[in-house]
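Take a look at these structures.
After this come two complexes, each holding chain A, first together with chain B and then together with chain C.
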Partner chain A sequence: MLARCADPALLEGLPWLMCYLTSGKHMMFYASFGTVLLLLAITAPLALAFGFGGALASRSRIAPLRWFGWLYTSMVRGVPDILFFLFVPIAVDQGLEWLRHKALCDSDAPIRQGNDFVVCAAAKLPLSTDPQWVHEVYGFALAVMAFAVVFGAFAANVLAGAMRAVPRAQLETAEAYGLTQRQVSRRILIPQMWTYAIPGLSNLWMILIKATPLLFLLGVEDIVYWARELGGAKTSAFTYPHPDWRLYYFFAILVFYLLMTWGSERIIGRLTRRLSAGQATLAGEALRKGAA
Partner chain B sequence: MKKIVLTAAILAMGAGAASAETLRMGTEGAYPPYNFINDSGEVDGFERELGDIVCERAELDCTWVTNDWDSIIPNLVSGNYDTIMAGMSITEEREEVISFTQNYIPPIASAYVALSDDIDPATAIVAAQAGTIQAGHVSESGATLLEYATLDDTLAAVRNGEADAVLADKDVLTPHVEESSGALVFVGEDVALGNGIGIGLRQSDAELREKLDAVITELKEDGTINELIKKWLGEDATVYE
Partner chain C sequence: MTCAETFSNYALRSIGMGERLLPRSDFDLCQQVVLIGSGLIWNLYFAVLALFVGFFIATGLAVARAGRNTLLRKLADGFIFVFRGSPLFIQFFLAYEALVMLPRAGIEIFGFTVATSWLTKAWAGALIVLILNTSAYSAQIFHGALMSVPKGDIEAADAYGLAGWSRFRRITWPTMLRLAWPAYTNEAIFLFHATTLVYFSGFPAFQQRGDALYYANYFADRTFNPFVAYPVAAGYFIVATLLLIWLFGSVNKRLNRHLPGQGGRVRYRPQLVR
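== the complex of A and B ==
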């Protein structure tokens, strides 16, 4: 913190505001933008991987695998997101603690005692003795998992649709050249399906960006948490008393999300152009004519 | 740099393991002056200071965690933290789910605050924080109850006219009234609710409860709690005899 901010009560106007905006709490607010970006950076590829697995499973010739793919996509897509976000972290956390209790504790005391969920100290996850950042990383990881499972199911459906949209003639030609099923999938089907998948996936990406405030619901201190915390009216118990400023903070977040989605639109636009090149689609045809 | 951080982390873990027992203290962090997050981003307030003293006397190693008021009891019983010190009054309903130590703040008055003094709390639209004894009282009093997630939201509702009055702990409302330069006023009569504020614990933690109870008795006898109440809640606040 800056030296001239030592006694904010004496400051006024711009210096006060500068000190206010650089307080420790505001630094945490700024850092929480990083939390949101990190969530996106980890969740997007993970959800895509889940989706890819789900799509391949639902196309598989092995029946149980196909059922699993079908069950995953239809079950997760059929449950409200928020319910899932509330359910997954608690279920995973208690499930892991239960397993650790069975493996690590030698007490045979019941885990459910009345209202309480009690595991021995060694089975706690994270351990009570772990520093706070371990707890925060753990909470964040649970959130990433919940996001990846939900968005993976939607991505699986998009990708499965895209795989079905690749013209059968393309695959047949490859088969006629003597390529195996595996080679057809890897060299013809998957490279060509992206152009069909992009509209659906870009939609998902936009929804994912807009779903990040759900972190707040999971107890992760994200930008919405800090905006509400900082914006609320502050009495003189605080170093920087001020009236209700939530409007300004929420507006700042609104601008942040608009910038995020605006930037994404542009990048997706470019990606669509690149993937359409040489494709037997309307977009591909338009590109070919434009070049000629 | 990485190495330093890593070494520090390992040392911290070692230090944690070496001392007696680690306790995770849950609080809301949105109920000044009881508990709030100060401008450096740390938990602060009456309960932070008292909690740290209790931990020191009981020879426990304490870390503070914040949790939304809404889910503060469910997350205690599922083991995310071990105690609740969040201005939580001891009531029979809550004692069915969790247990409490003896109170560390005597039974205190709740008060109504409104924009003008011609509001009658008995018939008005009254805002209260969801899941508090005050919300329970309003719904029984015949007034229309509006529930909000935080105390801050209830005051904002009164200021922008959504609600006529707010009912909350008087100690918490006093600074808001005093610093509103006349905009907010106390209305109606104060009501006495609850059996004082105690530390919430899991019902299965009987041993911890006894330990904390003993420390609180000690702190009440040597006047430490009274000093803290006067420091944080004002000279006129109710203290122990």
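== the complex of A and C ==
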């Protein structure tokens, strides 16, 4: 990177460390923290949307839709989330390739031949001619999909609970005013449920933060990948030889996560305070008394 | 190979008994069901031991946190903050790297050589991490419950002349458990599900002895078909989770047996306490 880092073998002590920490590989390590934040930024709203759909579906008057909503919200109760992280990306990938195979290939050969999954070259996702970044984006998109499905199911649980918590009398009043079911949902149910949903959703956010290192399992080059890559012992064949430093790298990641959760907790605390102001709840009452 | 043969060869494969070689080709459903079920032994081993040991540590931490000793309180606070604030996955990696750094020949203490190599094995190293992790989460739950023990209960205990240890054992602790139990049930289920992470983090599966998800992943990779092995593993976990809910529900009934009209079902709200 820098000019004085041209020959690290001549450096020692602090200058060596500075050069080491600004090497190209390390820049990719720092950038992978951005990957984690990007995942959080994309997954959170997507999971909320999935959860919203799931919660509404589980209250639907159409029976098959209700069953689907029930299945979706209850699947995360008995099955470990890690299983979904392993299952969803490969299932989605194969599903998409199967659809493209049906549409784009004109061979009648079966897709599953023994232990192989065979589609024609045109149906491959991404195409083998695509540049490297397309493969990476596709892998990341599959990871986002897995996170959105799992956390959508959690969010659906929270939101369904919040919808049940809205006092029945409020909905009945709206019905008595002649609002249709749809209007009741849109104007009363959904605006009113947020107060009840906030504690569950903020909890979910903390769980989501702590689930992000699982990106490593999905084959994305995230912070865990780089920590293992950079921390492993390097012989003198490398520009910066050093013994096994993985412990320090993982310690740095631990500190990163502690900061993330600590900061989130503080922000959520403030948010809860603001939202409970003026509410007819114990927290709101405590705020009122404190101010007086 | 018939299904009965598969069963006798592979039912205890995950703890190193029976056939050494895993199936390599011609996978059938029976092999997948048997091997994944065999792996479940490890999930149960981790969950039962971690919950058992963690329960006592958590009680101690909760009491320390509620106590008057500033040093103990700060220590408990710090412990809970670190283990609740960071991902379990990273804790596994960090613990493994730390344990690998221990001298391979063992540590000399008072002339005795204490072997250390067993600590890097999953059965010990991962178990320690799981114990510490569940201790921190349970301590948070127990502390919350301890804070909401009704004042009247304590005053009644005082009036009966109960104090110190006997008051804690007979009044405070049972009430704390009763209040904490629904949340603690959720924690137990979450921990049970978290045991699937062990063999995907730093800890290697010695001689391919892994847990249920390790074998499910093995089959899904070899057959390139996720639609058989993963649902089989999911089925095992659903059954085990229902058993766990039933077990904790009956403890809940016992804890609440003196209360009229109480002690109904524990409503399981997954992970929302974490």
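Operating definition for what follows: the second predicted complex is superposed on the first by the 269 of 292 C-alpha atoms of A that agree within 3 Å, B and C clash if a C-alpha of one lies under 4 Å from a C-alpha of the other, contacts with A are read in each partner's own complex, and residues count from 1 in each chain.
Just so it is clear, a contact is a pair of C-beta atoms (placed from the backbone, for glycine too) under 8 Å apart; a residue touches a chain by one contact, two chains touch by 3 or more.
Every value quoted in this text rests on a predicted model; they were computed, and no experiment measured them.
By the touch criterion stated above, A:Ala155 is placed in contact with neither chain B nor chain C.
Look at A:Ile188: by the touch rule set out above, it reaches neither chain B nor chain C. For chain A, the partner with contacts to more residues, out of chain B and chain C, is C.
Of the two partner chains placed by the overlay, only chain C lies in contact with A:Ala91; chain B stays clear of it.
Using the contact criterion defined above for the overlaid structures, shared-chain residue A:Glu229 touches chain B, although it does not reach chain C.
In the superposition on chain A, A:Lys124 makes contact with chain B only, while chain C stays out of contact range.
Of the two partner chains, both chain B and chain C are touched by A:Asn115. Shared interface residues of chain A (contacting chain B in one complex, chain C in the other): 90, 94, 115-117, 244, 246. Across the complex, chain A meets chain B through its residues 23-25, 27-28, 90, 93-94, 97, 113-119, 124, 128-132, 135, 219, 228-229, 232-233, 235-241, 244, 246.
Here chain B touches chain A in the complex through residues 9, 12-13, 16-17, 22-24, 29-30, 32-33, 36-42, 45, 61, 63, 65, 67-68, 71, 75, 77-79, 82, 97-98, 150, 152, 155-156, 159, 175-176, 179, 202-204, going by the rule given at the top. Chain A makes touch with chain C in their complex at residues 76-83, 86-87, 90-91, 94, 112, 115-117, 154, 157-158, 161, 200, 203-204, 206-207, 209-214, 216-217, 224, 227, 231, 244, 246-247, 250-251, 253-254, 257-258, 261-262.
The part of chain C that touches chain A in the complex is made up of residues 25, 27, 81-82, 84-91, 93-94, 97-98, 100-101, 189, 193-194, 196-197, 200, 213, 216-217, 220, 222-227, 230, 233-234, 237-238, 241-242, 268-274.
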